[in-house]
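Sharing a structure, written as structure tokens. Questions coming.
Going in written order, the chains are labelled A, B, C, D and E, and every chain counts its residues from 1.
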Amino acid sequence: MSVDTEGTTAALAARDYKSSVKPVWCPGCGDFSVLSALTKALAEMQLPPEQVAVISGIGCSSRIPAYLNTYGFHGVHGRALPLGVGLKVARPELTVLVSGGDGDGFSIGGNHFLHACRRNVDITYIVMDNQVYGMTKGQASPTTAPDWSLSKLTPEGPGINPFYPLVIALASGANFIARASTSDPNGTARMLVEAIRHPGFSFVQILSPCVTFQPEQRDWKKLVRPAPVAATSDPAKAARRLMTDDNLFVGILYQGSREPFQPRLENRLEHPTELEEQFAV
Amino acid sequence: MSVDTEGTTAALAARDYKSSVKPVWCPGCGDFSVLSALTKALAEMQLPPEQVAVISGIGCSSRIPAYLNTYGFHGVHGRALPLGVGLKVARPELTVLVSGGDGDGFSIGGNHFLHACRRNVDITYIVMDNQVYGMTKGQASPTTAPDWSLSKLTPEGPGINPFYPLVIALASGANFIARASTSDPNGTARMLVEAIRHPGFSFVQILSPCVTFQPEQRDWKKLVRPAPVAATSDPAKAARRLMTDDNLFVGILYQGSREPFQPRLENRLEHPTELEEQFAV
Amino acid sequence: MNPASVSIALAGSGGAGVLTSGNALLEAAAQAGWYAYLSRSAGPQIRGGESVTMLRICNDPVESPDDTFEILMAIDWRNFERFAAEIPLADNALVLGDADTGPPPGFLTALPVRYHELPLKRTASGIAQGRPNMLALGVLAELIGIPLQTITDMLNRLLQTKGQVALDAGVSCVTAGMELAQKKLPAVQRLPAPAPRSPGERLLITGNEATGLGAVRGGVRFVAAYPITPATEILEWLAPSVDKAGGTLVQAEDELASINQIIGASFGGTPALTATSGPGMALMLESIGLAVAAEIPIVVVDVMRNGPSTGIPTKSEQADLGMALYGLHGDAPHLVLAPTSVADCLFTTQWAVHLAEALQVPAIVLSDQSLGQSRAVIERPADLTFMARRETPASVSDGYQRYALTASGVSPMAIPGMAGGQYTADGLEHSPVGTPSGSAADHAEQLHKRQQKLSGFNYGRHWADIEGKGDTAVITWGSTTGPVREALARRKAAGHTTRLIAVRLLAPAQPASLGDALAGVERVLIVEQCHGQQFYRYLRAHYELPGEVRTFCKPGPLPIRPCDVLTQIEDWL
Amino acid sequence: MNPASVSIALAGSGGAGVLTSGNALLEAAAQAGWYAYLSRSAGPQIRGGESVTMLRICNDPVESPDDTFEILMAIDWRNFERFAAEIPLADNALVLGDADTGPPPGFLTALPVRYHELPLKRTASGIAQGRPNMLALGVLAELIGIPLQTITDMLNRLLQTKGQVALDAGVSCVTAGMELAQKKLPAVQRLPAPAPRSPGERLLITGNEATGLGAVRGGVRFVAAYPITPATEILEWLAPSVDKAGGTLVQAEDELASINQIIGASFGGTPALTATSGPGMALMLESIGLAVAAEIPIVVVDVMRNGPSTGIPTKSEQADLGMALYGLHGDAPHLVLAPTSVADCLFTTQWAVHLAEALQVPAIVLSDQSLGQSRAVIERPADLTFMARRETPASVSDGYQRYALTASGVSPMAIPGMAGGQYTADGLEHSPVGTPSGSAADHAEQLHKRQQKLSGFNYGRHWADIEGKGDTAVITWGSTTGPVREALARRKAAGHTTRLIAVRLLAPAQPASLGDALAGVERVLIVEQCHGQQFYRYLRAHYELPGEVRTFCKPGPLPIRPCDVLTQIEDWL
Amino acid sequence: MSADRSKPPAGGADYTVDELLAHSLAIEAEAEERYTMLAEQMEVHNNDEVAKLFRRLAEIEGKHVAKVQALSGDTPIPHIAPWDLRWQGQSSPEAPEFDDLHYLMTPHHALELALQGECYAAEFFADIAASASDATVRQMAEELAQEEREHVALVEKWLARYPKPDRNWADDQDPPGQE
């Protein structure tokens, strides 16, 4: 954190949100761009790093908390969302971001994704989608194309219908739904700021190439384009729009206004032993 | 099974699909009607009981296999679908039905629901939806209304957006999607026959009242009504239709034509030790 | 001589109300000043099934079912044979039935009991809104010697929301029941009058409620859980209570979510707990390992039922011990505790919260269906000092090491919000700073630290309940402590002293303390309610047991009774 | 005297190709007729990280790393210090580096080793498509004494798809490397020439591949799994292989799905398996309990890595033993087996399939990263008779009882499709027919049946590898068997006999057999690779250990080496 | 959307003989099976009195099945899929619906249900008799209606023996979830 000469804390820069740990990601990996966009977003919001917690599961992408100077939690595979939900519900004043990969979030973690969308706790979920399990060296994930045959586990391709994260998020009731691409880190930063600011559960899918196991994803930068229309707050409209989505439009799809889930946390007891009175004889 | 005097096997009647175990369900429970509809459906199809397997998880509704004279598996809570998928993939000639409750299927089992829809194995999934955990004495399930305050666990109501099973099934790629109601057991039987006949993953939500913990569901029979339009094979049309759904329309929503997932299971080895040759030095 | 206690079973089916009147009787006995202990058993139906309420009333605190029942009252006898094994009758026991609802099962009348008929249904039908179970309550109150006024007071409270008609009906039924007893039944030997009590001196509570209370007293302010029998009542009690205390309970989508939600909350500094039973606990093991590695305090209560798998969800057994002790992958030291009575559910849970927080580690509390769902009169607990107090860094500066190697093994834990304390909690092996590390040195250091903070801690005298003297010792744990304690009390009354060691802290093992407790012992009997000798194997693995060792190991669902234990000892000596 | 083996480490970073040349060397050595054993270690990066390939070549079958390395060759030295602890160098070891890529780390040159420089990079740049790692291959081949022709033949095979230019480059580099070695390096003492072999007599295979092969040989035709390091290669090998054999592999959405898919398939009569590592296995425990209760045979392979939690995913440890033995809730008897070598992965897995099917029970196979990912030359296994053979009813009639009480405890299992055999498999406690039951008698009967079918079975001599004589015994299991065996062989060579007991069948425990195996023993050393003494605690719990008992217990990730074991024994005696 | 279970399809009750037989067989068989299931429910829930009544009703309906089979003589009754059976309600006229049950129900309730079913069945056949163009159908339907009317009378007689229980009959003394 840089301190100016007068002794008051100066504005925080993006680099103030980076930790000293060097990423182990492959050079070229999209996740570097996400890291950069995220630190920019936090700097734009001037959130004190100690008021931010970034929670993840397991995967290449899930290593991101350690690269940040915020509080972080690198949990187990697939369970980042409940970690984040528990933290936010118990400590509502914190800014809680949950981040990870498509395998972590949509395969083993799919149930928590559904239910986090429904529950609508005020957290932001960032999925770095590379349509593959990077960390375990290249197996099909739920977002992988059915005919992708480069994994030894599914040598003829997984052969199953891909998972459409935005559709599922909308169907489950997420309050903010967007898609970004690592080819536009500044646009991604802005989208993250909007997602964080939006009350309730915000979901941002970031197309983040795995240059090692999905090298053709380097072409994404040529293919992605802005969504032709602006964000809507009408789920029906959002649903209709998703029907023509080719998964390469970036932009905010949906911004709803459902009340976030947040219990009050207000002590109404003089002393916990008051609770015993109901049993007294 | 009734045998006629000539010694040839006569047609199987619905009762031939019932076992001698008496259900422990509460009198009035909708699940009786499901049991009745299912036996009628099997009888209409004249499936030999030994060629049918009914697989379930845990819950009141999940007790159904023991009440049938087919093969059955009463597994653990939330895992009926993968049991069924494993069985069907390994034994494609069997008719595999998976059945259970809304808690079993959409709460703890939500991830398998998503991925079974995607995988599109040729099984039929029947959820007896009573918007409550009956077996554990009345807690909110994913389909419970947010303001339902009769559970001690959520005394002010669960406060979260309900789970819309048909929407999720459609979004995840199920091949056949329908809603039935226990107030129309014959209609339900027909829908089950169509679901079983339809190749790939078929999903039938049956509104099945829990008279004990959701007694107002007895009114469902007055409220449900046939869907105003016929089944479609166009997901976009089905999606649009779901937008005006009040969860009380019964009928077949969607019938797709995706190829079911079924590996070939064809031995191409003279002897398993052939596989050793690749390692020989 | 006056009897030490009286045990009553009240049977009936299809909404006959045996639970309601059993509970009313319990409450009245408590109000009258006695101690009492109530458990129940029911058929597989969700409602309207056959069921029995079993009540034991006593002048002293009571923590165990007795060997036999002195009184059996049936509103009706439907499916009663299913409970036969659960209700051993005393010789000469008073068996009461209503001929109008059918005859008693043959096997009962063949026993050396005194069978009497009471026209419960008929009498009730003569009273507006009269109910046979309320008559039965009157009969039993009269037999035991509970004054009408005590019952009336209690009904006034219980039925206040139901209106005057219901209340009048209740009082009339009870009165009629008392008269029936006086007219038709022989006198039974009554308990001595209870000692006078000041109101509020004791609590009438189930083990599950006591667990919840212990949690809140210990400081728990976040609970996430997924319902499961027989743990749900902990959650049902906690939902409004933790809310009043400024926390919250979240009903999660599954156990994987609930365990991770509490880890998240605790990472944020809020003491957190979940409660479940065997199947749910099994699903949590991976993430409990995360809490071990990342050093996040949490409490997981497992209210055990019969296994394996779904087993018998409504009945009791002590067979999750192995899973609780060893079920985590890798070397994952953690705490395992078990309450030794309904009352102790409160203390042990509160202590578990305290220890988990002090040691930054998961604590598993092994309760069981029998402790959890039994309701008993217990002494009101002192305002214990065991509270959640987590060590946080006094000040955090640039070099903050979350997993610093310290003398105690406990590293001060920064809490989100503390400026300068930012770190990443990690389930990967890590350096003291928390950075992932695959080095053998870091691994060895952190493994050692995590183990040593537990093994080096001074748990004090609460690690076990140790009572009595003599060269024979009985070692037990959990809910079997009640019957063992009673068996040994009977031996003592007969002039033989036997030691009792009821282990409350199961992990880490305390070999030195047990060694002390066993000094001079020549015979050890190990008592547990499971099939696979799990407790015995655990003791062998971690302790030296002196002299001759025998085991008494019986699976659920039938409870172990004091006479079972007594027989074991007497057959041996 | 000729050396017994030679150990070589080949280090490099960022795509230097040390794995490729290490494997080429391994293959060439195997072709030449030697035995060999290759393992590797790498940094945390997905690609381009620093890594070392460790190869040991021997005239006899080899199952363990040696104490030290005779040769260390670095293509470059980047981050080499991270591996220092893994590569103990022999006194006078030959250390080879390329000055053009930088100097060796200081700590290395301070050791009593012979450091030589080789212009690998420069020489390679003079060859079209030349690569330093291929030069290194030539250097090492020359040092060991592998003829150029053997290497050329091997390259012909390996590079056949890469085209003539690549092949020529390879041969030129190897030739140049050989020349460099002849010119620049002192002669090292070479291994004796290998015995002549007929082709195909042996297999060059990893433990993970051998596990897959054992599974298919045993009869497995359905596999469902979720990828996890270090188990993924089992699945990668099985995917096409089980397909060829008429079965299939399904990549499931998570471990909860994979375990239940295999249970479903096996319910349908198809022998089924999954493979995972600690975290995934933890998630499967609840459903493994279902397979116990419903008596469905399945095989679960856990390729262990360092725990707790995510731990160190790419390294080896034996710390999932407790979970495998005790991790299921309730009393849930099942099989736990562990291969004792790379070769034995094949046998043990095949046997596990056989036993699981014969006993209708889940079998857990505990492999580990070191067994699974090491590649070794092994004897080609005999066509063993252990095959999946499940007992099905000869004929089914109306009274069919799925869980009938039989003398063996195994009940003939109807398979869907068999008319008249319809039943419902259940995780609830049940009667012999399979109807849910909460009765104490049914529970006791079924608990007993499920335990007795395992404890009463005759497992024969395969329960353990028992070797040697004498009054000192070493008991071990799994991958530590290799180093222990080698340590004892060295003692034997020095004239001292010591017993080896490497337990293959960990559950159910075989106390009588171990008793026999330990007859006359006065000292027992227990060797295991974990921190928490899990194996020692298990042995104490279930066996009588004679005489004095000591433990040698060291966590991963560093392997236990023969000298470690030897030191323990020698310090003691 | 519950329509009147007693009615043949609106504007089209002109069954053939085969259709009438198929419908009546389906109605009686369903009633027999339904009463058997209801009896089991009461047995499981320890309501012996009502269980016995349902068993008795099942027996009677069983005889009806035989009667319909006799009516058809040697010609096999054609099979109609349950959902192709034509009537206005969603389930067959005679069998009580599952959700009309309560575990504390009294014989009075059970007989009211039975009475309703018998009345519906009687009306159903009467309607057919009234509107059929085929004389055989008319006659058969009238015969069946008459049979049902006899049942109505029988059940009414039984019902007289069981007065309406007081309005608290469903009060559950141990409501579920109370523990």
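Operating definition for what follows: contacts are C-beta pairs under 8 Å (C-beta built on N, C-alpha and C of every residue); 3 or more make two chains touch, one makes a residue touch a chain.
It should be emphasised that the depicted structure is a prediction, and the values quoted were computed from it without experimental measurement.
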Joint neighbours of chain D and chain A, given as chain labels: B, C
When chain A is superposed on chain B by its C-alpha atoms, the rotation angle in degrees, nearest 5: 180
Contact-richer chain pair [B-D vs C-E]: B-D
Furthest chain, CA centroid comparison against chain E: D
Where chain B and chain C are represented by their mean Cα positions, the distance between them in whole Å: 38
For chain B paired with chain E, centre-to-centre distance based on mean C-alpha positions, whole Å: 29
Gap in Å, rounded to a whole number, between the CA centres of chain E and chain D: 68
Inter-centroid spacing, chain E versus chain A (mean Cα positions, whole Å): 59
Residue list for chain C, restricted to those that touch at least two other chains: 44-49, 253-254, 279, 286, 289-290, 294, 309-310, 426-428, 436
For chain E, residues contacting two or more additional chains: 44-45, 103, 176
Multi-partner residues of chain A (each touching 2 or more other chains): 58, 74, 76, 78, 107-108, 110-111, 114-115, 142
Contact pairs between chains, per stated definition: A-B, A-C, A-D, B-C, B-D, B-E, C-D, C-E
Chain B residues within the chain A interface of the complex: 107-111, 114-115, 117-120, 142, 159-164, 167-168, 170-173, 235-236, 239-240, 243, 258, 261
Contact footprint of chain A on chain C as seen in their complex: 27, 30-31, 199-205, 209, 213, 216-217, 221-222, 224, 241, 243-248, 250, 252-254, 256-270, 272, 286-287, 289-290, 294, 377, 380, 383, 414, 416-428, 434-436
Chain C contact footprint on chain E (complex, rising order): 44-48, 103-104, 166, 168, 171-176, 178-179
Residue ranges of chain B in contact with chain D within the complex: 19, 21, 48-51, 53, 55, 58, 65-66, 69-76, 78-79, 81-91, 93-94, 111-112, 114-115, 263-269, 272-273, 275-277, 279-281
Contacting residues of chain B [partner chain E, same complex]: 11, 13-15, 22-30, 32-33, 36, 40, 44, 137-138, 152, 182-187, 189-190, 209, 211-213, 218, 221-226
